[in-house]
């Protein structure tokens, strides 16, 4: 059974990737995910030029059908995060550096710094739905997506992945722009803008009021996005949103994803979810007579 | 306990409304909802100029956390639907006529016809996510929303509600355009674009592939939309999406909705859901010392 | 098999021709199903259509159908190991009680009634069965039911076997002779036939299984509604005579997929 | 109370001052909680912060805290009938077994240990308790524990009561005298104190309850991780000595809300 996969020049021994923002604030947690979880690759927390505290708590709550968060992009800043990356390089698992910025110049600066840290690829977070000025405002403007992608591509030689938001009128258009601009892969999706109000206290629970919805509930939205994107571009897609089982991952592969990221699933099924999902994928493939993962990718486009 | 509410000039004895597309293809089913369900108002199926079969089956499936449908706007056309409306007029429950069209002229024609049928208000479906040419393509262009709203307002004298889609970059902008153009209320939200693939058969289940996600999973998305819209416009909002309990409805009221529509909830809790939700609202209000519904509307904006 | 309303993919385990243009497909479906309930059968790339359960055992269920259009033709072509999607069972099913039940089937209606007849007999209820068909080549399930000791009467429109005429007419004869014997009538077939039966059954309680165009089958879309919002997919497909008497459209109108009323041909 | 990870809104039923700047709040929370577990306490409009359970009864639970900043000051001002949101309980809690446990509390650490001590005693386990505080006015729960027949030793930094010095030093003395008596040490307090204790406890198994900046408490955000990805909110807050010996940062560094390492003041 061959479940290895390739995204641009990055070879992954299996198609499960730790999603950005989950257990990746420090080297130790990524190390645990790599060693015990058995991931194919990790994405770092989204890192900016300077440290950010993020929003006050509550920042994460569990809803009936998913997880709602508004962290506010907390991160120690690229100056401090470097040492965390240093510490996990020896583990031989691809590291994808996630970055966010307010404009093309910030993205350029951060990309160079990340490349200097020797990460294997970059993930441009153009899609955080709840942080003003960062993310969504940028990620929903096709021309800005193109501009940033071009700018970064001109400045680094490692592969550049563009992470898109589902909170837009046409994710297809954004994906096309990114491809045109030279992106090496599309990552879809980030969280869905949502809100939970506590009626006893008559107020939104999250301190930022609006947050991003992830976990089981959003999976059909993520699958739709990946499917739509796959019909319109040639570069690989990394699927993310609501994956908790091997069958979920297979649904994403069939929609057109070459690999998947898992975030909230770590809550639903624990740190071992990556291993578990891989063995579920293998079992399913065995049972259904598939020999390699690539035989599944995009087959639902009929 | 006063749970009556007013949307523009329409007085509702209670704030629960049957959502468009659910049990409203013929007079009999609306009659049952009115008599046994005890709704405050009904919205008709979305009606066009001519009959449409809609898509082949499968058109509706239940997912783990919601309902997915791509009916394809089946309807008998305005010529035939008139008699259904005639038959329920005597029931003294406000009837909101839902219409869809491909351009402003179709909307004008349909609005006039609906007004002639003596409905109490119009709901312009600018938001069906899965029917090409109708709905989303129109509903995501702010200028088209304004144009259609203006055109309809100039041609009828009954209140005009605009139903919006969450599948857009900024629902706020659309709501503002509708308000500017003279809309009497905003209805939010229609279904969320989503897909379910069957991995055994390697294909999307719905014949239209992409469908609209409704039911429990989408409630946090609907609440967010209503909250965002309420911060930006003055006209009333009707909240819809995922409501199955009185507490769900209260969450929408606190987000800014003056009334709510229920669709998929009819599946989760049966035809009686409208009555049940009303008594849950009343019980909650009693327990928490509220006397009238208006004391709840918008209070979560702090 | 977590979600009853999401197609469960299963393989055809067996198929057989029952009569001219009539086929049975058997498949693994390990969920409890009652006689009179139905499935939505997904034929990928073609359609999804309602079909009554015609065979019920622990793990294996079956459907029996006439080839009439695209979907049933595609179904007809399926062979063992081909895959279909099943959701359901939907609807209420028959109430099977009393001492002696008269079953009246028209056309493929016998497919729907067969499991009910077997259940009645297994409960020790005397069962008289009228099987009506256009012509002798379209009669099926006669042997199956004889094996269960049902008393069988046959009618054909062309008189090629048994009584010449409609099943409803033959039933009228039977009822006229020994009306007091029956304390229940259960029927499935063309609506005009069932309507006639309703008119002649007098005060014998009747249950009729209806067909309407189906889409969601979970009681949302309203496509299948009759009378005052009765959902054939939820409150039906089996309705009792009292309810049917209040439904103007019974035997007269149905609605097509657009929702438009269509006259039912007699 | 369906969702453990969504704040459950409850009213303060009672509050009391335990010592200078130390307050207990009691509230209805009908979910099982073990000693050593903690809640996230939502003070609407202010913050949501972690707090160990300090009182456990069937329906009523309590927290006991020191006023140190915005959130604890807001909490401090709350009166009966004011509402807060609670989610949890989170974390693993203490393993309470053996014959004789030495409990060592520094500062508000005794809030976390009190329910554990009560449980130990109710299980018939001899309990020796060291309560360390800056000064005599900040000692609390002494009476509460005496009532339960715990053997109590007091230390204050300024010598205003009991032993003059740190709780860890007093514990060292106690251990030096009758080390063989204890088969378990359980501690909660400033990390440098716990680290010292770890160094002196030798082969007596030790459990220490740690504090780290908390956000999600459901093991996702990674904010609270120490060592090789141990989540204080899930695998902690109680860790055993063996584990702690492998954690370089224990007693030395913690991370602030940005994720940056901050030296822990000794």
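By letter and in written order, the chains are A, B, C and D; residue numbering begins at 1 in each of them.
Criterion: contacts are C-beta pairs under 8 Å (C-beta built on N, C-alpha and C of every residue); 3 or more make two chains touch, one makes a residue touch a chain.
Worth saying up front: this structure is predicted, and the values here are computed from it rather than measured.
Centre-to-centre, using mean CA coordinates, subunit A is 33 Å away from subunit B.
Centroid to centroid, with C-alpha atoms defining each point, subunit A and subunit C lie 51 Å apart. Chain centres here are Cα means. That of subunit A falls 36 Å from that of subunit D.
Contact of a single residue of subunit A with at least two other chains is seen at positions 63-64, 196, 200, 203, 302. Shown for subunit C are the residues in touch with two or more other chains, namely 45. Because contacts link the chains only in sequence, without closing, their graph is best described as a line.
According to the touch criterion at the top of this document, the contacting chain pairs are A-B, A-D, B-C.
Within the complex formed with subunit A, the residues of subunit B that make contact are 63-66, 68, 140, 167-169, 192-197, 199-200, 202-204, 209-210, 213, 216-218, 220-221, 223-224, 227-228, 247, 250-251, 254-255, 284, 288, 299-300, 302. Put simply, subunit B touches subunit C in their complex at residues 21-26, 28-33, 35, 45, 51-54, 56-64, 67, 69, 71, 74-77, 80-81, 196, 198, 200-201, 203, 205, 207, 263-264, 266-267, 270-271. Subunit C meets subunit B in the complex at residues 2-7, 9, 40, 42, 44-49, 83, 85, 87, 214-223, 225-231, 255-261.
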